[in-house]
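Below are structures written as structure tokens.
Next come two complexes, and both contain subunit A; in the first it sits with subunit B, in the second with subunit C.
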Partner chain A sequence: MTARSLDWESGQGERKWRRRSLWALLLLVPLALAGQAYDSVKTLLGGEDLFPRQVAWGQSAHFGGSDWKLTDLRGAFGMSSLPPDSVPVLADFSVKVGDPDLQKLWLGCKVMLIDAEGRRWSPTSAVSLKAPGDVHTCVSAIFSGARRGDTLNLRETFLVPRQATKTIRPAVGLASERPHFLFFQLEKD
Partner chain B sequence: MFADAAKPLALTLKLWWRFWPQLVAMVLLGIVFGDLFMQIAARAAFLNHMAGLALLTLVALTQLTVTVAMFQTLLPALPATRAAQQAARSEASGEVPSGGARLARMVTVALLPFFAYYAAWGFLGDTVRQYSRVTLDMAPFGESAGNVLDVLDSRWLVLSVAISWLIRRFANAMQKRGEARSFWQIVVVICETNWIFIGLYVISRWKDDVVGWLMSRNIFSVLQAAADGMAAPIASAFADPMVPVEVTSVDTTARLVNLFFYMLLPVIWLVLAALIYGYDVRDDKELMRAHQRVERLGARYSTIPKFLRDFVEHFISGYRSRYLPIANGVRITLSSGVVLVVTLIVGYRLVDWLAAWAWLGTTRLIGPHELDTWQVLSHGVSLLFGSPFQDSSTGILVEPLRICFLAAILETAFALPKRQTSGGAQPTGPKGAAEVEAQNA
Partner chain C sequence: MMRKMANVILLLLATALCYGLQVSKPHYAELIGPIPAYGKLGDAVVGRGFEARAAKVAFSRNLKVDRYGQTKVFTTGGIWAVVTVEFAASAQSTTVAVASWRGPTGLAYDQTERLSFADGLLPVAIDPGLPKKARLIFEVRPDEVSNATLLISEKLMSALDSQAEISLGPVAAGADGLPAETVDTLDLTQPI
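Our next item is the complex of A and B:
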């Protein structure tokens, strides 16, 4: 076998391996990325409220083992000693407990308001409004000892800019249901 | 002079352009299998701590195999290196094994220096750290497995090394019988990797205890300062403890020592590349000629009674054939000319520097996000450029470039006119080197 034919054959072999490697990249890049990022993606999906599940006004939705229903969303206008152009907003929910293991199912409970631009507001403790004795917040309800069939009244207080009040909608996220969260429609919707 | 420096750079780009799909695919395979073996080792650690540690050697072995395979891929484009191997081939005797046996032999040749490099630069500690992190993730409070690294302090490690020694002996015997040689060669390699890996890591841990004990005796207090000075350079090369910045001060000596180690890493990598391409000597005459004193030492050694020499040879002959290439590797590097050595050091560090800036630039380009989102994105960026913050992480764009650069430097060194004209400096390959040529053909 001459040197030239050996060279030609090795060139053929190289081209073949180049082509095979290019095809292999299509498989290997996603595989390596998936292997490396698996834990982080799991953390991201388990810790973020990414995909809304729409709930029409007056309807209840099964979420975290219980049935959630938005009963009221209103602004408390006219309060003094607040930053200018900010409005306290109260969101009321009525939740019928299905699975009473709230300490597990409701862990990481997060009620929030989301406006049309996608901005999110968490509950505040800067404003305290009087509430009836049987009203809980989402976190305090976890330790309320509620049983199957009980109905819990939840209220969260927010402080949002006045111009955002036109488009805000309440939403609820639970660790057991993430990355999905409930996104409630209002009566006017 | 400028042309001398530019030549390897141009060749680097040429090599990269010709082989990038193969090289990137290999880096990716290394990443995938490295992750896989790490997971297997961590899971095995829950059953038996020693088994986990033993399997951990596969992670380091994967990295070495990928490196060797990448260098071998570039060989068809390195005519001067091939010519050197061809010359060696005409001298080489013995049969030409193929496929797995060839790769296994090349891995064996590079094994010890690779691990020495691996340990000296703290990568061994990195691998063990990654391993303990993975096991900690699986059992957050160490509830089911306890501390998986406690075996490192146990005397049972001796048993582990003894077992791998027995397996190696058995594999050697089987190999001599001629049954499935390449398979047994691979078994031998894995056993050797196992005890080098465990041995080096344990030595580095027990060393601290021994030094601590010695220092607790007052008679050695004079030696303490000297020992600190000797221990500091290696410790500070990587895994440095956290020290408040206002307490630190960098004197000229420390700076020079740091500079030395900064420059040494590229040289060590070049030596590894030379090893992989089979720059070896089958006898040590060439090295003995290097220095009169060494020559005298050699002469004195040959006057030792034969039975004593046989006794010593029994222990060192296997390893001598592997350490000699290192000595020769250093020699070819240093005899390649100042311009080439400077190009090597600056170029190698330039690749690192550019990779770090590319990492930073990309993160700026992506912009701010929430932490959880960023954790996911950072894996993508690190896959491309390697992470400056992660232990021994390799990027699919950077690692091939680095390997191409090292191969280009070596090729330029072999192609230097003075090397081609001087007969004494002809590289000779181990049996494995000659086989590469045959394989390429």
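Our next item is the complex of A and C:
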């Protein structure tokens, strides 16, 4: 074997590996980008209520360590001093506490109403209706000191346009479960 | 020799290109800054989460407000500019909390904090389908009144989020240097 043929062979090998490396980049660059973006995407998705988990009327769903059940959704008609064509809506839930670490599991608790167009209403402070003493809001329930097996009664008050009341349905999101959220069906559904 | 020259020229070109890129690149604060939604007085300016329409601007020397049932008059060394704005939420409930008045020379005035107890000031919570009016109140210099821009955003650090930029147009000045339509006292106890 002459020096020249050795040279030629190593040149061939080098060329082959260069080609392989270039092809490998096609795979490695997207993989590296995905690896870098993974945490950001996870944080982004974890902050949004994106994927609904449907809950049939009368059923309860395990969410954030507890069992959530929608007990009532009704309008409080006939109130004065509100914007025209707006209706206060009360959503009542009964939650059986499973894991009592609510300060961790219920963090970022958000109850909302969603209509057929996908518009979302958050609880309002414009309407204050008197509630019985044992009724909490989602946020106040976090600090209620509830134990395993306790049942919490939650109520949130919303202000929605009258024409939206036909299609609104309640939903609940918790930081520990995002991007999934509970989407409750009503009796009429 | 030619090859060396070519290399030197290439190096110089690359340096010039890098320098050009460096001086022309936007500042980081601009890259992640608010995204402007432009409009003028009377326009509905549509941002990502909210819509704002500045209906009117009023100027006054004094403001009359209700404070815990007592009437109080606020004077100023400059002039009070009161903008009535109608807000609407786009797809979900939100809060509009920040507004500032940018004068023609670039001086920016935040909303006054002297009236924090009055009704109808920001922050204002808005729900879809339920538009709401609010008053934005600024204490500005008379020479910052004409051709000012109103900046409104949901929160203070509105990085990569909409900011309504509403140009308020020219304002004719009177003999005393104040806007011609300046009233002596504006009554904020009246509903918006």
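Throughout what follows, the second predicted complex is superposed on the first by the 156 of 189 C-alpha atoms of A that agree within 3 Å, B and C clash if a C-alpha of one lies under 4 Å from a C-alpha of the other, contacts with A are read in each partner's own complex, and residues count from 1 in each chain.
Here, a contact is a pair of C-beta atoms (placed from the backbone, for glycine too) under 8 Å apart; a residue touches a chain by one contact, two chains touch by 3 or more.
All values derive from a computational prediction rather than experimental measurement.
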In the superposition, subunit B vs subunit C on subunit A residues touched | B
May I ask you to decide whether A:44 touches subunit B, subunit C, both, or neither, giving the answer as first, second, both or neither?
-> first
Contacts of A:12 with subunit B and subunit C, given as first, second, both or neither | neither
Does the superposition put A:35 against subunit B (first), subunit C (second), both, or neither?
-> first
For A:83, decide between first (touching subunit B), second (touching subunit C), both and neither.
-> second
So, A:140: does it touch subunit B (first), subunit C (second), both, or neither?
-> neither
Answer with first, second, both or neither: which of subunit B and subunit C does A:119 touch in the superposed model?
-> second
Looking at the overlay, does A:24 come into contact with subunit B only (first), subunit C only (second), both, or neither?
-> first
Considering only the touch criterion stated at the top, classify A:54 as touching first (subunit B), second (subunit C), both, or neither.
-> neither
Which positions of subunit A sit in both the subunit B and the subunit C interface?
-> none
In the complex formed with subunit A, which residues of subunit B make contact?
-> 19, 21-22, 24-25, 28-29, 31-32, 35-36, 76, 137, 370, 372-373, 375-376, 378-380, 382-383, 396, 440-441
Complex interface listing, subunit A residues touching subunit C | 83, 86, 112, 118-122, 124-126, 158-161, 163-164
Subunit C residues touching subunit A - in the complex, by the definition given at the top = 91-93, 125, 127-130, 132
Which residues of subunit A touch subunit B in the complex?
-> 6, 9-10, 14, 17-18, 21-22, 24-25, 28-29, 31-33, 35-37, 39-41, 43-44, 47-48
